[in-house]
Amino acid sequence: MQNEIAKSLVKKPSTLLYPFEKYESIPGSRGKVVFDMTKCIGCGLCIRDCPAFAIEMVGKGVTCDIKWYATRCVFCGQCVEVCPRAAITQETNYDLASGDKSSLVFEYKRLRPS
Amino acid sequence: MAWEVAVYNLLSVLVYPGIIFMVALALFYQWVDRRFFAKLQNRYGPIYTGPAGVLQPLADLIKLLAKEDIEPAAVDRHMFRAVPILLLTLTLTTLFIIPVAGPSALVWFEGDLIFIIFIMSLIAILAFLGGWGSTNMFSTIGGMRAALQSLGYEVPMAVSFIGPAIMAGSLSVSKIVGWQSSTAGYWTILLNPLGFGIVIVAFLAELERIPFDIPEAETEIVAGWQTEFSGRKLALIRLTFDLELVLASGLIAALYLGGPTGPIPFIPGIVWYIIKTIIVVLIFANLRALFARFRIDQMVSGSWKYLVPLAIVQIVILELLLR
Amino acid sequence: MSETSFTVPVGPQHPALKEPENFMVSVDGERVVDVKIRLGYVHRGGEKAFEARNYTQGLYLVERICGICAMAHQLCYANNIEALLGVAIPRRADYIRTIIAELERIHSHLLWVGVAGHEIGWDTLFMYTWRDREVVLDLMELTTGNRVLHATNAIGGVRRDLTPEMISKIAKGMRHLEERVKYYASMIPKERTIMKRAVGVGILKPQDAIALCAVGPTLRASGIKRDIRRDDPYSAYDETPFEVITHDGCDVASRVLVRVGELFESIKIVNYALEHLPSGPMRVRVPINVPAGENVSLVEAPRGEDIHYCKSNGTDKPERYKVRAPTLANWASMAAMLKGGYVADIPIVLAAIDPCMSCTDRMIFTDVSSKRKWYWTIEDLRRHSPKWRGK
């Protein structure tokens, strides 16, 4: 074991100096959930299947808005899978922490015709 | 004039190479130890506070001093309060006997090596009393283990001190250093490497470091005899821990590596002292990373089965070589 | 001698335990005389939560029973519901599930070697094995999207496919890990400080192991060859060749060696499955409502045999879902292992069964309405089990 330890003296440490060095997420990793309201039809399948009850429909049907609670979400990606119009996507952004709880409720509103 | 000498002595004791210098050195060595230990484990140590993290031990000390000092109702109040203070003062007292800035220490007298052995036993007894006085189950077990462990390492440590004393013909640390730096002398490690090995192992047990940190085993008995101490008392105990490292490395450097003296005459003694003690600190850190923790019965029985016979053997070899 | 014994409470907060449980250990000096185990500190009401969620939501709830063996629990659940539905999933999905499950076994055993090293005071081993574990976690993030809690199973197959690029990365990771595991396998038996703490410690004789219903590597370290992957194959284990590793030492050192051996076997299984990955769809569609019925499915989680029972009633929510995780079966044998040992050995013996307390707590131990509390000894467990099954 001694030579293994001695080798560690010359190797670069394996620690990532977060937050000074950012971690590059591997593409495909499940992070922040984004809703595209131009495609959403308000079917409610994502709300039925969410295990953490993190999605809320404001209004009904094709004119609804969506609220996503980042504090409840477990980032499983079930909503991404089940949406029939592929309106939900997941970014690789995992760095969502904030000191203000109200900023962790993301509201996705439709553009209303003016 | 008498008062000038008095002021000089007072400053020597208080500042350099006295209390403040020793405390600063202790915090610096803790940083060296933590960085090296971390590098051996393929990670960083403290790197943010101060340049390269040098101020981290000081930050930890200040944090502990500022925390609440909780004294449980069931402890033995006098013992509980006295133990951290006594530990600190005893360690500092012993540090005055180690030569730091030159071949002779602040205080020296014939037989101060025996005095050091005596103080080390007192420190072990104080650890036991600290655990006993805390009345907590974990502390009691830790205190008992500290006492048991001192049964193991006291004898090999004392015998390994005698080797250099025989070679130098004196029982005073300052005289031993003086002999090693004189023309008739040489570093005692050259004739007695076995004694060097034994003193390193015995001091690992005295300092309560892995593989012998049994009295303070974190995963087994929470924090051993230190469990109930918090706040200022814990700060004093941690400071004692670091000062013991300075003491151990300084003593080993003085007895075996020639102390604060070196072949090049222009460099002051303190630089040699720091270089040699840092080497000893790095050896300790390396052994810490290399081994797991022993059980108390394995430690005591192993010490009496292996260390004590080896210690006697090294004295015998030394006598034969010197004749 | 017995009058000087006193009781050391280990837990619920203790540096030796990664999760809270309580062990009232009666000691006499440094010897352990008796152990009383009190569980229930991580009880989260999971089984009730299953009844309020449909089967798709249950997929993600079940993997949160334990973070380390998440894939095993989800695999067991998926097998359960697929058996109730009567669907056969594509062969490719079986192979992908096997690969992810074995990757999880690798990461769990590497984690365990590190934690065992930490328990005996050797932090260097902890740092090194967790650094090597990062290879597996990065592979998991590549293939499933998350480092732990992979959620790659769906009822009817797997959710994500393995692209050729992923396959080559997994193969490369396995080559790197094989070297590292070879190093640990050669280093650990030679390292005297570990062996002195592990040999002869926490003895569990084979007849005790069977009588006390031990499972997993704890059982296989007492020389008994029982492994669900061999005895009752699921997914692709009926086609992948592997050995069931056993050791005869019955002590902590054998458990270490069994797990290191299983690491090698897992790497072999992953390599075989990658080479023989069949083509085809990765998933079939399944109906939402599950016909009424009951099913029990078993899976070899990294810690042992994991049993799930499901009762469905024709709707999209289960009527009753019961989980018996492997660590619960190991507690009784742990009490037998601790008696007669040293206090200093408690953490390493605890760690040697690889306890996952989060998996354990789904049984209610206190009856709040009648204010009655009771301890579960092995006689209580034995009496309770036929009573419950008889319902």
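Going in written order, the chains are labelled A, B and C, and every chain counts its residues from 1.
By our rule, a contact is a pair of C-beta atoms (placed from the backbone, for glycine too) under 8 Å apart; a residue touches a chain by one contact, two chains touch by 3 or more.
Quick caveat: nothing in here was measured; it's all calculated off a predicted structure.
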Query raised in the report: What chain lies closest to the overall centre, CA atoms only?
Result: C
Query raised in the report: Based on the averaged CA atom positions, which chain is farthest from chain B?
Result: A
**Report entry** chain A-chain C separation of Cα centroids, rounded to whole Å
**Finding:** 29
Report summary line: Cα centre of chain B to Cα centre of chain C, whole Å, reads 44
Report task. Starting from the mean Cα coordinates of chain A and chain B, work out the distance between those two points in Å. Result -> 53
Query raised in the report: Which chain A residues touch at least two other chains?
Result: 1, 5, 14
Report summary line: For chain C, residue numbers touching 2 or more other chains are 124, 128, 131, 191
Query raised in the report: On chain B, where are the residues touching two or more other chains?
Result: 40-43, 289-290
Report summary line: Within the complex, chain A is touched by chain C residues 53-54, 56-61, 64, 124, 128, 131, 134, 138, 141-142, 145-146, 149, 151, 154, 159-160, 183, 187, 191
Query raised in the report: Mind pulling up the chain A residues that touch chain B in the complex?
Result: 1-2, 5, 8-9, 11, 13-15, 17
Query raised in the report: For chain C, which residues count as touching chain B in their complex?
Result: 6, 8-9, 14-16, 30, 117-125, 127-128, 131, 191, 193-194, 196-197, 342-347
Query - Complex contact set, residues of chain B against chain A - result: 38-44, 286, 289-290
**Report entry** Of chain B, residues touching chain C in the complex
**Finding:** 40-43, 137-138, 141, 210-211, 213-214, 217-222, 289-298
